[in-house]
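For reference, chains read A, B, C, D, E and F in written order, and residue numbers begin at 1 within each chain.
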Amino acid sequence: MPYVNIKITDEGVTSEQKKELIKGVTDLLQTVLGKNPKTTVVVIDEIDTGNWGIEGESVTERRKRGG
Amino acid sequence: MPYVNIKITDEGVTSEQKKELIKGVTDLLQTVLGKNPKTTVVVIDEIDTGNWGIEGESVTERRKRGG
Amino acid sequence: MPYVNIKITDEGVTSEQKKELIKGVTDLLQTVLGKNPKTTVVVIDEIDTGNWGIEGESVTERRKRGG
Amino acid sequence: MPYVNIKITDEGVTSEQKKELIKGVTDLLQTVLGKNPKTTVVVIDEIDTGNWGIEGESVTERRKRGG
Amino acid sequence: MPYVNIKITDEGVTSEQKKELIKGVTDLLQTVLGKNPKTTVVVIDEIDTGNWGIEGESVTERRKRGG
Amino acid sequence: MPYVNIKITDEGVTSEQKKELIKGVTDLLQTVLGKNPKTTVVVIDEIDTGNWGIEGESVTERRKRGG
């Protein structure tokens, strides 16, 4: 019954990678807590780099500076 | 003053259906808890089926298998 | 498969009222969108009035003023 | 290490305004709580006006009525 | 820079198990997406069983019925 | 109408500091985006240090090491 929300920047994540994240998190919750995968929900949010801030600036700005 | 977030898969939900969800949740909070509709906020997130996981796989995969 | 998060102030909500919220939201999603109740998840967060702000002040302050 | 999520309606917010929000929130957390900006994360979600409800109706409907 | 929120019912999760969840999710994001663990944030919310609904009823009710 | 969620570790934040956060964020949204304070909602979540992970470990562990 767990609910997991993964927020990452929107920078070319593939369907294959998303599958691995979903599978990996679901397995982890089963291994560590015995949670039934049937009702484990995972939602991935891909956030535009202009909408993600760290250290007081957007990731778009950081990428421009090579960060 | 309640805040309600509804997350559903992005599969052709109409404006009319969204209105019904917003109205329905707002009414429910007024009926059950006496909350003033004036400050009840409802946010609907429509999530790409590739970004929604259940049972360790994405909804995109399930739909392909007829699930 | 929907996930619904309801945030309300922590002001004496009873178990009975929580049941009504859970039931009401689950029914609404089935009626409006045909969502299967089996995988509809509802999470209620009760927030301390000192941690909830509206109009630039906490609900604790408002309540003191009779608001 | 704080995490801040700002949800606003998707109505033409500029990159410049997003930068100001990110900078402003990060500064606020440093000033008030002494939080290190290096690990302060800010995520801005711009929500379609049809998906945002207030007073039991969507913002799209309100805007049509001039609200 | 990813942010991960894990919501589970509050049913005796140990510190050790939380450490495993935090470590496991952080490793997963590094393995699958190459994300730097230094800025991967994981927040675990333990939700009272009376505040968690599934299939239209609270987990408290389910547990009473042996579910 | 904005909704802002601030997540911080639960380490002795005072009522006064919470008021400053609520006021500061509400003012920021008015200054930058012209948002009406009347419907700006701010919710502060204070997270137990054992439930907050960074760099693959909990903040509780970091604090023990003097981090």
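Everything that follows uses one rule, which is that a contact is a pair of C-beta atoms (placed from the backbone, for glycine too) under 8 Å apart; a residue touches a chain by one contact, two chains touch by 3 or more.
Not measured: the values here are computed from a predicted model.
Shared contact partners of chain B and chain E are A, C, D, F.
If you take chain C and chain F together, the chains in touch with both are B, E. Interface comparison, A-C versus A-D: the higher number of contacting C-beta pairs is recorded for A-D.
Both chain D and chain E derive from one sequence, and where they touch, over half of the residue numbers involved are common to the two copies. One inter-chain figure worth recording: chain A and chain E are separated by 14 Å, centre to centre, where each centre is the mean of the chain's CA atoms. Mean C-alpha positions place chain C and chain D at a centre distance of 21 Å.
The residues of chain A that reach two or more other chains are 1, 3, 7, 21, 25, 39, 41, 43, 52, 54, listed in rising order.
A complete list of chain pairs in contact reads A-B, A-C, A-D, A-E, B-C, B-D, B-F, C-E, C-F, D-E, D-F, E-F. Listing the residues of chain E that touch chain C in their complex gives 7, 47, 50-58, 60-61. Listing the residues of chain B that touch chain F in their complex gives 1, 3, 39, 41, 43. On the chain D side of its complex with chain F, the touching residues are 1-9, 13, 17, 20-21, 24-25, 28-29, 31-33, 35, 39, 52, 54, 59. For chain E in complex with chain F, the residues that touch the partner chain are 15, 18-19, 21-23, 25-27, 37-46.
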